[in-house]
Structure formats: structure tokens, C-alpha cells
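Both complexes shown next keep chain A, but they swap its partner, so chain B is in the first and chain C is in the second.
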Partner chain A sequence: MIGFGTVGQGIASVLMRKDLGLTITAIADSRSGLMRDDGVDLAGVLERKRGGFVVGDVGISPMDVVKRGEYDLLVEVSPTNIQTAEPAATFIREAISRGKHVVSSNKGPIALHLKELRRAALSHGVQLRYEATVCGAIPIMHVLEEGLRGNSVKSLHGVLNGTSNFILTRMAEEGLTYDQALAEAREMGVAEADPTYDVKGIDAAIKLVILSNTIWETDLRLEDVVVTGIDQITPDAIRLSEDEDATIRLIAEAIPERGICRVTPRLIPRNHPLVVNGTLNAITLTTDLAGALTFVGKGAGSIETASAVIGDILHIKERYARGA
Partner chain B sequence: MVQVSMKLEMSDTPGQLVRALKPVSDTGGNIIAVIHQREERREKKDIISVQIVVELPEGRLEELLARMRDQGVSIQRLGTQRLLHRRSLIMIGHIMHTDLTDTVDRIDKTGFAEVSELEMIMPAISEPSSARITIRATSAESMDRAVEVLREVAREKDILVIEPLGEES
Partner chain C sequence: MIGFGTVGQGIASVLMRKDLGLTITAIADSRSGLMRDDGVDLAGVLERKRGGFVVGDVGISPMDVVKRGEYDLLVEVSPTNIQTAEPAATFIREAISRGKHVVSSNKGPIALHLKELRRAALSHGVQLRYEATVCGAIPIMHVLEEGLRGNSVKSLHGVLNGTSNFILTRMAEEGLTYDQALAEAREMGVAEADPTYDVKGIDAAIKLVILSNTIWETDLRLEDVVVTGIDQITPDAIRLSEDEDATIRLIAEAIPERGICRVTPRLIPRNHPLVVNGTLNAITLTTDLAGALTFVGKGAGSIETASAVIGDILHIKERYARGA
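Now for the complex of A and B:
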């Protein structure tokens, strides 16, 4: 496992709690690494990390772990860099070239290099899964590849960013200004110190790119998405929309046959299934056979994201693991 | 399409109402409502009065009226509602000080759409205002074109337009 932040720690604590038949043989944070073929002592590592220490030996780098570690599957949960996708993209390429399966929660490499990484995985006969990159706990990728087999997806609409949905919800509920709602979000740990990616719609656009490229096998880039954030929304605008029995939400929308791919604040009826409250995420797929389907769930959080990562790991373990 | 409401009078004889309404389908129209009022003044004993609402292709109204008159119908009142489609949007920005009259005019002068309502909240001079603008248009396609005009004006004037979800034609 590369990366031991919120997601990595969530996975570790789940594996301590539940016997899922998985062993972590190596672990690395940005500054150190630890390799134990018979299994890393997760409790010890968690305790060190929470005490503000590195997880392992500073003489061992994350790259050493990827290159020399003894493992079947790489769990890549290091921080996202959306400009370069590094160093995560290099870790993933390296693991694939060693014939290792990869499960990632990292939006950078998946948004920037999905096509290339998929091709590499295919040619090395390994699996690449990334359920945790979009909509947190909602198993949307599993739904797309299994439950909706035989369907053609016509359009996708979603509330893909919990922070901006929380802010808009609080503005509507309490008549708060944008700045007040953002301050509250920060206080509650819902917004980061620099909330730019969330409130400007960039995070939602990255997820829309990942979803679109997965569903339609396109080569869409972040620059192709029309993006407007929520930072100009006023409580007055929300009040005016309420006179029409509507509210305002940041909606990601992709309709390929009409050339639409955008993340914009929209006027939406209050009883619309995509109007979810707080940090929840929601996604509606319109397909030719199943019609419209909406999924709602937690979009972030340590254990919720771990749920998506673990689902991917077990999927691979049960179907592709050597000797399975 | 044009929506027309009219009040008709005709003789109270069997089959007359059917004959009176036949020109509607002959001119490519649809009957939306027929309201038959019996409480009429009884001085005109053998005359009935009917109110109807029809939807008609543009430019066929005169022909319809002529055909109805041929059937012995007297047209008492006529009202047309040209703009059947309605869509509300939200605008945020310096709406007033970027020439609101011009913003509204640009839609009105398209000929196929008009701004029918505008509600605006102005919190303070230097702060952005918020407004709900309701556009009426002759068809779903003209509505999309009118919204495109509004988008363009908004881009020029740095106004944020919030469009409704899933109402495009």
C-alpha cells in the first residue's frame, strides 16, 4: 500500500477489524517504507502515524516498495496531483510492468492517463480498478461494468462534490451567504483550507472526466469540460429559485450525443432525485434499457472510501488472483 | 404554434357545434378546451354561446375565422397567446448597471421570445444582484435560441446565468 493518509488509514483500520483474507506486505508514506512479507503490523503502523511519525524506515522510499516489495496487488492511495499525476502514475506503471494488479483511489493518474494505463494493464494481463476515485462509497464502476451490462448509457448527471453540495445546502437551509457557509464547512472539516478545487467545480470536473472516459471510452481531458463554480451564488438567488419550487445545485452533466460536458450550478426542482443534502453525492445514469437510475451515498470519508478500495481488491482477489 | 381563445355564438341546432369546430382540424389546429355556458341571457333563445381554446400553426388564424363564419358561426371575442413556452432562469451579477433594458431588449427583439417576468433583489450598491428572469417563447426550439441569446449577453456583461436542469428541447 502506497500512501498512508485518510484513505490508507481507513483501509488499515478496516483490515484490523474484519478478516477479509488480505495481508498488507508493504506500506509506504511519502517519506518512508516498511516491508514485511508475512504482513505488516497495522496497529503499530497506525499508532506511529497518528503520533506524527513516519510509517517505516526513511531509508526505504515508496518507489523501493513498489519495485522490490513482495505483493500481488498494489493499493495506490497517495495524494492526488492533478497537474502531473506524479508520483502516483509512475508507481502504477511500475507495478503493472511487474505484473501486479492495481487498485487506486488517486484521481490524478486516472483522469490524465486512463487510456495508457488500461492498455498497459491489458498487455501485462493485470487488473486496474479505481472505484474510489469517484463518488466515494457509491459502487458506480461496479454498477456500470456488471449491473448495467448490455445497456448503452445515454447521459450522466451527478452531484460529484460533497463540499460544494454542503455549502449550497446550508445556504438554502439557513439563508447563509456563501462566505458564511464556507466558513462553517471549514470548521466542520468539510472544506479544506484552500477550497478552490471544490468550490470552483474542478474536482467535480475531474470526476466527470473519469466517469465519461470509463463509460464511453473517450479520451476527454479536464480542459474539455465547461466549468463554473459555486462561489458567486448568492442567498438571494437561492430564495428566488425557491419561488419556483426549485433550488440551486452544482451539477456535472455529460450527454455525448449532444456534445454536452459541463459542471455548472443549475436550477433544479426541490423534489428532483439529485437534490441530496450535505456532503452526500448522487449520480443519475440514463440508459437505453434500464431507463434512469439514481445512486446516492457518501462521497468522501476515510472508511467510506476504504469501502470502495476494498471492494475493488476483493473483486480482483476473487476473480483473478493466482490460485483463486 | 399560436394559442387562440375565442367566444363563439351559433344557432342551437343539432350538429351545429361539430360543424363549427371542424375548421379547426382542417386548418391543422388542435382543440385544447371547449367551455359551453348555458346560463346565457334567454333573450336569444335559439342561440348558444361557446368558448373555445385552440392551438394553431402560425399564419392560419384568418383562414380559420373565415371557415368558421362560412359555417354560420359568429365570433364574439378573440384573444391570442403566441408564447406558449415558459422557462425561468437565475442571473447573478451587476444586472442593473450593465444596462438591464438592453438585456431584456436583446431577447424581446428576437421576435420569437419575450421576457415576461423579472424579479430582482439588490442587496447593496457594490454587491452583485440576483434576479429570476422568465422567458416566454413560441416553441421549444425558439426557447433554446432565446436562452443562447441570454447566455451571450451574460458573457459580455459578466453575469452568471443559472439554467434549469433538463428543460432543453
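Now for the complex of A and C:
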């Protein structure tokens, strides 16, 4: 496992309380690394991390672990770098070239290099999965692969950024200004110190790129998405929307047939399934046979994101593990 | 394929317009049957059915097809008989004993005999799938099997009956009485001439039994579900709920830890994800890791239900077909 932040710690705590037949043989973060072929002591690692100590040996880097570690599957949960996707992209390429499966929660490599990484995985006979990169706990990738066989997806609409949705919800519920709602989001840990990616719609656009490229096997880039954020929304605009029994939500939408791929605040009837509150995420797929299907769930959170990563690991374990 | 009503015709029309690599070698309904090892002429069969003619040879019964037909997989889409599950249960048992996979949209056999049929399928090395029995187009069974690996489901709450939901929606939107809304539902083809099963909560209870027995591998029976319908709901009750920014929905819920298994009208905040309008279905699963996940989609319809049946067929084809 590369990366030991919120997601990595979530995975470790789940594995400590549930026996899922998985062994973590190495962990590395940006400060240190640890390799134990018979299984890392997760309780000890979590305790050191939470105490502010290094988790392993400062002489062992993430690249050492990726290159020399004994493992069947790389769990790549290091922080997203959306400019270069590095160093995560290199870790993933390296693991694939060693014939290792990869599960990632890292939006950088998947948004920037999905086609290349998929091709590499295919040619090395390994699996690459990334359920956790979009919509947190919602198993949207599994639904796309498994649940909609026989269907063609015509379009997708989603509330893909929990921070923006929280701010819009609070503005509507309490008549707050954008700045007041953002301040509240920061206090509650829902918004980061620099909320630019979230409130400017960039995070939602990244997820839209990942979903679109997955569904339609396109090679869409972040620059191809038309993006408007929520930071110009006024309390007046929200009050006016409420007069029509509607509200404003930051909607990511892709409709290939009409050449539409954008993230923009939209007026939506309050009783529409995409109108979810707080930090929830929601996604609607419009299909040719099953009609419109909407999925709602937590878009972030340590254990929720860990759930998506673990779902991917178990999927690979069941179907592709040696001897399975 | 046994049964050629709404679902069967939906399947036939999808197979006519999409090449999914499937061949229907026999069709039978209560009036006649037809066997063509190289593939039934679906256009002709649909035309005869829609013209009110028999689809095949009146000398060929469904049981003839099940027992003597050449097929890999039985598609059982005949009408539900919730008292005895017959004759569908016998067709399914017979097909399984012949070593054939089974996909069914028929709630009778699955609600009454799931454990027995599963065991039979297991011992004959075949698959039994029934996505279409609950929540129409929502791929809830696939989500349970594939999307929530590593999770334990703690409870489920659902709006599982589209007719009741339509009536409650119209009562709230237009201030109609129950009888007025029911009359409208009948006119629109949303309610049957005898709406008892829908409005008394029995249809929802049947689906709750199927979902519960699938998730928790229990042996729950319809009699174990506490059921209250919507036919006693007054416009006053709905008006009162609206004063609290809530509404009334017929909720099916199962919480095994608390011994709860019931279908009953409940007051729910209007912004709750389960508050869907019209004939939509919705289901919330509460899990230990992924938190609460809600799925919304069309609960009925010819093509939507066909989508669920076809998804099951393709699932089996990809993984278990001879030579796959």
C-alpha cells in the first residue's frame, strides 16, 4: 500500500476489524516505508501514524516498496496530483510492468492516463480498478460493469463534489451567503483550507473525465470540460429558485450524442432524485433499456472510501488471484 | 422462454433491435408453444401476440418446452402466483434438474421457495438469477453481489411498489383523496383493475421477503412481514405531513438486528433520498463500511424489466456458458 493518509488508514482499520483474507505486506508514505512479507502490524502502524511518528524506515521509499516489495496487488492511495499525476502514475506503471494488479483511489493517474494504463494492464494480464476515485462509497463502476449488461449509457448527470453540495445546501437551508457557508464548511472539515478545486468545479470535472472515459472509452481530458464553479452563487439566486420549488446544485453532465461535457450550477426541481443534501454524492445514468437510474451515497470519508478500495481488491482476489 | 406477457414481449423486442448474441429456441405461454432450435422468429411471434392470435402450436404446452426444448437457460417470465408459485416453480425445478440455468422475473417461486431452488441449482451446478423480481430496472442484486464486497448490510428501507407511490404522490401534489388518485392510476394503467396487492402492501412485502432472504440468507415467509397498506391514508394526513416539510410513503423495511420486518406508510422528510415521485422505486441499504446507499429507478415497465432479465442472462452467459 502506497499512501497512508485518510484512505490508507481507513483500509488499515477495516482490515483490523474484519477478516477479509487480505495481508498487507508493505506500506509506504512520503516519509518512510515498511516491508513485512508475513504481514505488517497494522495496529502498530496506525498508532505511530496517529502519534505523528514515521510509520516505517526512513530509508525505504514508496518506489522501493513498489519495485522490491512482495505483493500480488498494489493499493495506490497516495494524494492526487492533478497536474502531473506523479509520482503515483510511475508507481502504477511500475507495478503493472511487474505483473501486479493495481487498485487506486488516486484521481490523478486515472484522469490523465487511463487509456495508457488500461492498455499496459491488458498487455501484462493484470487488473486495474479505481472505484474509489469517483462517488466515494457508491459502487458506480461495479454497476456500470456488472449491473447494466445489455444497456447502452446515453448520458450521465451527477452531484460529484460533496463540498460544493454542502455549501449549496447550507445556503438554501439557512439563507447563508457563499462566504458564510464556506466558513462553516471549513470549520466542519468539509472544505479544505484552499477550497479552489472543490468550489470552482475542478474536482467534479476530474471525476466527470474519469466516468466518461470509463463508460464511453473516450480519451477526454480535463481541458475538454466546460467548468463553472459555485463561488458566484448569491443568496438571491437561491431564494428565486425556491420560489419555483427548485434549488441550485453543481451538476456534472456528459451527453456524448449532443457533444455536452460540462460542470455548472443548475436549477433543479427540489423533488428531483439528484437533489441530495449535505456532502452526499448522487449520479444518474440514462440508459436505453433500464431508463434513468440514480445512485446516492457518501462521496467521501475514510471508511467509505476504504470500502470502495476493498471492494475492488476483493473483486480481483475472487476472480484473478493465483489459484482462484 | 416461458410466459409471453409484458416482460416476455419486452425481451423479444430488445433482442430484435440489439445483437446480444442470444437465441431464443422456444417460447410458450398458457395458450400455445413453439420450438425452433435455430431460433424463433421473434418478429412473427410478436406480431401474432399483438394481434390476439396464439403464438405457436396449441398442442405444445409450457411443460413440453421446459422438458423437451433445446436450451441452455430457461427464462421464466410467466405471471406471478403468490399462493402456490405454480406452475412456475415446477418449470424452474424441472429446468434445474435438467442442468439448465434459470433466470426468472416471477416473484412467486422466489418468494416462496428461494432456499430450496438455490440448493437445487447448487447441486446441479447451474445458476438461478432473479434481478427482475424486485425494483424493476434497478440492478440491486448485482450491487449486493458485486458492489458491496467486504460490507455487511445492516438494514434495508425501500419504496418497492410503484402503484402505491404513484397514488401517494398524486394525493400530495394535487390534494386528491385516495379514491380519486386510485381512479387516476387505473386510467393511466398504473393500477390494475384489482389493486389489492399493490395498495394493501402485499406486493411490497413479497419483494421485501425476496430481498431479505437474498441478503441475509434467511427463510422468511410472507406471513412474517407486518403489513399495512395505503388505502386508509386521508388527504388530511398528507396535508399535516406537509406542514412539517415531510410526506407519506409506503416503506418496506428490514432491520434483522432489531427483529423488524414490515411494510407500512411512514412520515418521511421531503428531502430524504427515498422520497421519489410517481411510479419510481427506491431502495436504501445501510452498510457497515459504505454507509447508506440509495438506488432509484423505474420499478416496472416492459423494457425496464426486460433489461433486468437480459442483464441476468448475459451475466450467466459471460461466466458460466459452455466454453466461456
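One rule holds for everything that comes next: the second predicted complex is superposed on the first by the 324 of 324 C-alpha atoms of A that agree within 3 Å, B and C clash if a C-alpha of one lies under 4 Å from a C-alpha of the other, contacts with A are read in each partner's own complex, and residues count from 1 in each chain.
Here is the rule we go by: contacts are C-beta pairs under 8 Å (C-beta built on N, C-alpha and C of every residue); 3 or more make two chains touch, one makes a residue touch a chain.
Remember, it's a predicted structure, so these values are computed and weren't measured experimentally.
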First, second, both or neither for A:Ala252, with chain B first and chain C second: neither
Partner chain in contact with A:Leu240 - chain B first, chain C second, else both or neither: first
Residue contacts with chain A in the superposition, chain B compared against chain C: C
Which superposed partner A:Ile60 touches (first chain B, second chain C, both, neither): neither
Partner chain(s) touched by A:Ile2 [first = chain B, second = chain C, both, neither]: neither
Partner chain(s) touched by A:Val126 [first = chain B, second = chain C, both, neither]: neither
First, second, both or neither for A:His157, with chain B first and chain C second: first
Partner chain in contact with A:Leu20 - chain B first, chain C second, else both or neither: second
Contact set on chain A toward chain B in their complex: 157, 228, 232-234, 236-237, 239-241, 243-244, 246, 248, 251, 253, 264-268, 272, 274
In the complex, chain B residues that touch chain A: 88-90, 92-93, 119, 121, 123, 128-132, 160, 162-166
Touch list for chain C against partner chain A, complex: 14, 18, 20, 137-139, 142-143, 145-151, 270-271, 273, 275-277, 280, 282, 287, 289-298, 301, 303-304, 306-308, 310-311, 314-315, 318
